[in-house]
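In the part that follows, the structures are each spelled out as structure tokens.
In what comes next, chain A is part of two complexes: it sits with chain B in the first one and with chain C in the second one.
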Partner chain A sequence: MSLAIRLALHGCANRPFYHIVVMQTHRARNSRAIEQLGTFDPMPNKHDEKLVALNFDRLKFWIAHGAELTQPVGKLLGLSGYLPIHPMTYITAKRNRERAAAELAQKETQSTETSSDDNS
Partner chain B sequence: MFSRVGLLAGPRTMIMEALDVPDKSSFLRLVRWRKRRWAPVNQSKIFFVPERKPRNEEELKELKATYDQYHTHIKAIRTYLMHDLAKESHEKQDKSHVVEEARVFAELMEENKRWNEETARIREARQAMETASRREELMQSLINLEEEQRRQTVSADSAVRTEKELAKTFIDVDRLEEEIEKALNVRINYNFAIDLEGNKYIEMSDGSIELQAKTTEKQPEATQS
Partner chain C sequence: MAAPAASRVFFAVHRILTRNSLRCSGHARHLCSGEPGGRSPADAHDPGSLFIQPEVQDILWRVTGFDLDKIFRERPSKDLQPAKYHLLTEKQLQEIQGEAVERGKKRLQMPPVMTCREDVEHILSDNPEIEGFDQHPYVFTDISYNLPDRSRSIVVREPNGKLRMATHNERDRMLQVYFPVPGRMYSIPEMFQEENVERLLRKGKYEYVLDRACVQFEPDDGSYIRVTQRIYEHIASVCEYDQLRSTRHFGGMAFYFAYYKKIDGLLVDMIQRDFLADAADLVKLYHILHPNCESAQQVKVQQVKDEQELIQLYLKFDSHHGGMVELALQTYNESREQTQTNLGN
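On to the complex of A and B.
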């Protein structure tokens, strides 16, 4: 029986909220978990924070007992500094950087175009 | 509406025990299908092949390398946590457990020693009693043996004496002819007369008549001289 530390989506319409749970890999996302280790609120609050609560004792217990981490949980734990940074985090960051750079470049070209138009 | 029954197979584990709490969601699941289950694939979709998403080779190469490293790290951390947990639980156990166990063991040993001593005392008493009774038995058997020997001697003596008495009447070779002659000359008459009272008149060898009165006891019909 392979175990995973994974996210279970709770919340309601337009308001995602996750439980960080230990559950068998083959079971449905929101079926009853073996244990809930914490919560993750992906919507930034008024201080622009995405809050994560975790029971690290139990997390340690379950990792030691062979529970695998799914990608989202791995990313969260990597960002929290408990585990190494997840490879996908690097890729996402790179993509974001590239997108930002592209947007900036587009903006600059647009501004130069508008300024040249004004000049003419 | 379709229901699905989730079955749990295999040996029971700690996790399965944790799962023992009834959970309706895992046993009864409501599924809304887009189409009827027996409806075939749509005509327009029979040979439909979805377009593959573009792969960024550079990213993939980078991911491969970083994932290898990441998995190695995770494995190392997992091993470390496992050892750490084992050590923690071991240390936690040791302090209360071992001392208590040692105390209980010492108590048990003390009790066992007491039992052993008591048993030894009982055993020694029994063995002493057994030795005494055995000795007495042996003495008795010796006495019996002596008694038996004495009795045998006496009986042997008496037997010898009887035989010696009898030996006087024995016929030896010298007197054989004489005895044979004697036996041949003896005449015994088995006939007798009887009167109305039941008295018998028996003729003896010398010709005289002997009267034998009737008795209730059985009498030999003929007498030998």
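On to the complex of A and C.
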């Protein structure tokens, strides 16, 4: 019986909300979990925060029992400082930075083009 | 995910998280800025630690008064029960009365007076290489069982990669989300805004505001200290001290006045209402809080025990409005003489 600590999607249409659960790997995403360890709300609240709640005591217990972490959970735990930062977080961060830089550059070239048009 | 490799790290990090949160919550030594007392930080000793001293608690408890009619007066409530009538023997009646007194004592438990907490930025780890991983900060709350709220670790990962302890504001919100306190609102009710507090004070709803502030805020919250002190000041300005007598807020008020050396008004009120023992207790409290003041030294030297003498000494050396209190004391003595002569006749 291989166990996984993973996200189960709850919530409703256009409003995702995840439970962080312990479950067998082969089970369907929202089938009955062995235990719920916490929640993750991916939509920023009115204070612009994303909320994660985790029962670290039970998390430790299940990791000790050999439960594997799925990638999204590993990323969250890396961000929380409980585990080392997940490798994928570095990659997404780098991609996001590059995309932002590219967008900025594009905007600048556009603005210089329009200003040069005005001058001519 | 390589669990065995990671498992070596996470125990250490988790330990650090918990320890830091403990240190953070025990912080904040200074008084709140903008307090009307205006003590310099040098001679300001922590009001929180003074308040929990047993002798201070004894005095505050005695001064509060214990009027059962007022403690169990009817209040607006959602679950009103019709009165029940029983036929009891004398012994049973005494037992039930004893129980009522115990319940009354519980109701009079004073909310603690504490020093104002302050936010200290505490960065646990700085990872600039993950800057931009998301546009929003992530707040992580440890919801393990059997943790006291004050040592629960709550951390925030900022979009710039910094991992820091949550501020007090964030902590309060998260605790209310995951461990709601009945009666406490997620966002602070508008009645605690300054202008609304003033409006309620003009209506004289002191106990109502104090009760709700007690539920809404932590006792070391700056807003709690601001609201309660504003109410005490207002009560002093309109001399309605009696409204708080036999409620759980009287002790805190008396402590506030003694701590900021403003007990004259309360002294006058006590003498006028024939609570001379309370007045003497208040002066004793003043001496405990300010052991270096002139009258405290005199009391030590002269070994004063008498209530009136104690008050007189305070009037002579430390009072700001001595005349007012003196006058009250005189009228008190005169009225007592009069009643005694009347009794003699």
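To be clear about the criterion, the second predicted complex is superposed on the first by the 120 of 120 C-alpha atoms of A that agree within 3 Å, B and C clash if a C-alpha of one lies under 4 Å from a C-alpha of the other, contacts with A are read in each partner's own complex, and residues count from 1 in each chain.
In this text, a residue touches a chain if its C-beta (ideal position, glycine included) is under 8 Å from a C-beta of that chain, and two chains touch if they have at least 3 such contacts.
Since the structure is predicted, the reported quantities are computational estimates derived from the model, not experimental observations.
Note on chain A: of its two partners chain C and chain B, the one contacting more of its residues is C. In the superposition on chain A, contact of A:90 is made with both chain B and chain C. Of the two partner chains placed around the shared chain by superposition, chain B and chain C are both touched by A:63.
Residue contacts after overlaying the shared chain place A:100 against chain C, while chain B stays out of touching range. Of the two partner chains placed around the shared chain by superposition, chain B is the only one that A:28 touches, whereas chain C remains out of contact. When the two complexes are laid over each other on chain A, chain A has residues 60, 63-64, 66, 69, 83-84, 90 in contact with both chain B and chain C. Chain B contributes residues 10, 13, 15, 18-19, 21, 23, 25-26, 29, 59, 62-63, 66-67, 69-70, 73-74, 77-78, 81-82, 84-85 to its touches with chain A in the complex. The touching residues of chain C, when paired with chain A in their complex, are 1, 3, 6-7, 9-11, 13-14, 17, 124-125, 127, 129-134, 136-145, 155-157, 161, 163, 170, 173-174, 177-178. On chain A, the positions that touch chain C within their shared complex are 38, 44, 47-58, 60, 63-64, 66-71, 74, 76-77, 79-85, 89-90, 92-93, 96-97, 100.
Listing the residues of chain A that touch chain B in their complex gives 1, 3, 27-28, 30-32, 34-35, 60-61, 63-64, 66, 69, 83-84, 86-88, 90-91, 94.
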